[in-house]
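The following pair of complexes shares a single chain, chain A, combined with chain B in the former and chain C in the latter.
Let's turn to the complex of A and B:
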């Protein structure tokens, strides 16, 4: 299947991504340094950094709206550190993710994280830290939503009142 | 009043695509004193020029105004048209309706046409007051200075010398040869660098018209085209070069060590050393920063006397020198000596440096097995620290895998935005040489893209693929050190959309070509401008590539921008040809649009003297009174003195008060 390039699609896509914060997208020269250090690409999520920017720059937006790769970004920002052109690829990934979220095109790979976020206030939550914390003389629970019921309720109120609340995860 | 001819140029569609040419031409006819108003598709073409000449010869016009592109490139052309038709060339004026109008107002044709009318009226207003002027001439010193003894400087000096001009070649290092002398072989023909360069170096040293000043630096330059006075510092070598035979016995005897600059720190040299085996001139120097003054032999002190033998106790270098070139008892000025040279023109071929790997923390600079590409040249050179064997710097072990990383510091807004231009090719060359020598060596090369745009360069690149060298598109993101002094390369294959990890023994970084800090000092010394990228700025990127904004000073080689050897040599020969022009002419023409002091009006107050940016003004005393005098060869006609003079005693020809006022009147009418 070939891709049809149109000026309108490219302009609209770049505008959306720029407005969502991916302001460096036009600086990209497709060198690939970002992708060389991306831990999520290593983990099998190819449409990140260089390849995501490439797709967006040819106006592919609706076509990749279900793409799960963006939800695998760990926000480590190594891409932005090594980028020779100041693109800040991580910002582009997040801009695309904001677009996906606003279109309610949230990857099924991320639903667990969203449910965890609602339940605990953390997208990724484990309990293995308790022993470690106790071992160095800290309270078992960190001073976050995990140990703050009022705080957790505030997070839940926000989540339930934003667009994603309509998805019925919580 | 005069008869003014107005000639409006279409400049193809450059002007006519925006400005209504016919409306402008008709408008010109309404201006006072305009006797002829014509238009042409290209006024600078043969037919356009001939039209102007015909009107002058037929007596229709005695002032010429051309409304066209820009005086920057075309003023001289139209002035000579006037001259060839018998009209004083300073009775010409240009209205800039392209660079300053059609190009900048391309979205507003009506506004641009109205502006063009004003610009034209202003030029016509000025033309009414133009006066004939005569060019001036100054005599020329028939000698040239070449700064830098790399391949560019060597060829510039040879060309000038072969044309019969006395040429001084100043090089900061003990030997000429520059970076090319450090290279193993050269692309795209794999000529041995030393084999093709050394005979050139010998020719330079032997040429009767060349005076070689190595281990020397230019400290000061004053004067102007045809008459520069240059101060050169000959650094202190602590060895009598008249006597030194270049045998190297002093270096063999010297126990003190320092990093070997020629091998880029891959090994050590002695404090007494000859820069490299095929050095020209082959003379020793003693590096006083590394010298340990054996036997207490500080320079300029008397030796101790051995109590038993009664003999003086000498340092090993002194004892070893059979030619008697090293005598540490002699007082020697650590600053060396200053020489003054008189030359008519200057070629700057000051070269470049490559960036140090320590600028790139992501590429594991702490590992000795991460080296720059120039270090690899030394590593594979027969005159290098390993005699040409590819051995790991960490332990001298063999390499099974080698990785090349391109664009390190080039095409990177954190360092240099420009492409260093030659890295793709020299990396491919290095890979090919290694593959031919070690067929089992695993070679990986990572490029953003391969730039092989020169003559026979792409064939050289495809040849590398055929040799089984692995070439991958995608910039390397980082290097990790792993046990065994090895490195893990974090790469990406754009074509496979996969990240790639390679474990390797040696990593070669193609670090960017750049200008050292010292070039800023040299630019200040010579009064030259640098580009934003730090390289010396040429007069015009296309039409004045070896000239500079300072007449009489020319540039060649990598100080002007990154380039390979063929391009450097071409530019060196071009710069030599340009530098020879004033020397061959014997005198140089000076534009008449200069400032002139009216001695009767000048009060000798001296306000103008320190204001002149070109040091062209001096106060002289004659007939019991002081007045300002302008050296016409140094004056650039900027007008600062004219504006500042409280007595109105300085006129700037070509921009006199009545001419400027007529322009203002036309613009504000």
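Let's turn to the complex of A and C:
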């Protein structure tokens, strides 16, 4: 299957990625330094760094919206550290991930984390923590939003007034 | 005593509170007072706001940093993800567009962010402010003869442009090695010392792929330096090493297991604190290791 390149598609794709934070995408010369140090590519998620940027630069966006590789990005930023062109590939990966997320092409794990973040102020909340904490001699409640109503209210105010709030997760 | 706002995050206070307890125990005798950041939330984790919108990410991070600003302290955290998220948010606040959105959301929440609080990882505070000599002097059980595989964790190493303190070469990190060796143990280099453990988004997306790179890292440690234990500077790496080794052994990927401690747990044990408080929760049995760390024969003789 051949890919048809159109200026309109390329321009639209680059605009979306730039708006979501991948502002360095045009500086990429496809050298692949980023891919060489990426732990997620090593683990078997190929559409990251150089290859993802290539796809975006030829206007592939909707075509790869279900691609799971971007969700396996560890955000370690080895890529951005070694990039000789200042592309900051990790920011391009996250920009693409933001495009996916805002189109609701999102993993279920993220959905649960968002619900917990809104309900408790913590994305990785558990139900067994009080007992664990008491067992090691700590107060049952940490001094965070789980025990501070004002703090939790502030977090919820941010989450309800931001762009994410319109997506209906919480 | 120097005060630091102790940013807890999620995993440490909820899943590994013995790590939180170990941080609360080791710092005061070393001259650093951890101060509670009342009302702090999730940093927010990579899979949440940072995956949707930079402005929301920065608003939530800056709200946390604003709590430290009000207390007049810098921040230290034991979670590498929290460290990365907060450091990068602070960095992105130099972008006027992102900052505008974040400030607007913060104003709605009744908070102001000025950027006056620095963000540090606990290993930075231990390495720079306290120093290895003071740590060595506080150790009650010398760890000479123990071989440690160190795992600093990704987010404390990169991206260096967002950090106040950085390794000279993040691909050959040495801060955690220095801190471990302050106890008398040795922490030799191994070829995959900077490699990722596979936790985080990678594990959430595919456990199999995550385990594959964890196994490669473990084999590198075992074959090259045959360590008595792994010491991590990252609470997420800690959980990955602790919770996944038995599974890897059961599936035949490895034919050994190596007990693991978070750095302040290792230090707290070497400083003589009660294992029931500072190293009590783990999937792997590490009782023999803990007994060896606190072996009376290792006790430093008071002069």
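Following the convention adopted for this analysis, the second predicted complex is superposed on the first by the 106 of 170 C-alpha atoms of A that agree within 3 Å, B and C clash if a C-alpha of one lies under 4 Å from a C-alpha of the other, contacts with A are read in each partner's own complex, and residues count from 1 in each chain.
The rule we apply is simple: a contact is a pair of C-beta atoms (placed from the backbone, for glycine too) under 8 Å apart; a residue touches a chain by one contact, two chains touch by 3 or more.
Computed from a predicted model, the values in this text were never measured in an experiment.
In the superposition on chain A, A:168 contacts neither chain B nor chain C. Look at A:51: by the touch rule set out above, it reaches chain B but stays clear of chain C. In the superposition on chain A, contact of A:151 is made with chain C only, not with chain B.
Looking at the superposed arrangement, the partner reaching more residues of chain A, out of chain B and chain C, is C. In the superposition on chain A, A:42 makes contact with both chain B and chain C.
Judged by the touch definition given at the top, the superposed model places A:81 against both chain B and chain C.
When the two complexes are superposed on chain A, the residues of chain A that touch both chain B and chain C are 42, 78, 81. Chain A meets chain C in the complex at residues 20-21, 39-40, 42-45, 68, 71-78, 80-81, 90, 94, 97-98, 101-102, 106-107, 109-110, 113-114, 117, 121-126, 129, 132-133, 135-138, 142-145, 148, 150-152, 154-155, 157-159, 161-164, 167. Listing the residues of chain B that touch chain A in their complex gives 362, 407, 411-414, 448, 473-478, 490-492, 494, 497-500.
Those residues of chain C lying in contact with chain A across their complex are 8, 10-11, 13-15, 17-18, 20-21, 24, 36-42, 44-56, 59-60, 63, 67, 84, 105-106, 108-111, 154-155, 157-160, 170, 195-196, 198, 200-202, 204-206, 209-210, 212-213, 276-278, 280-281. Note for the complex: chain A touches chain B at residues 29-38, 41-42, 46, 50-51, 78, 81-82, 84-86.
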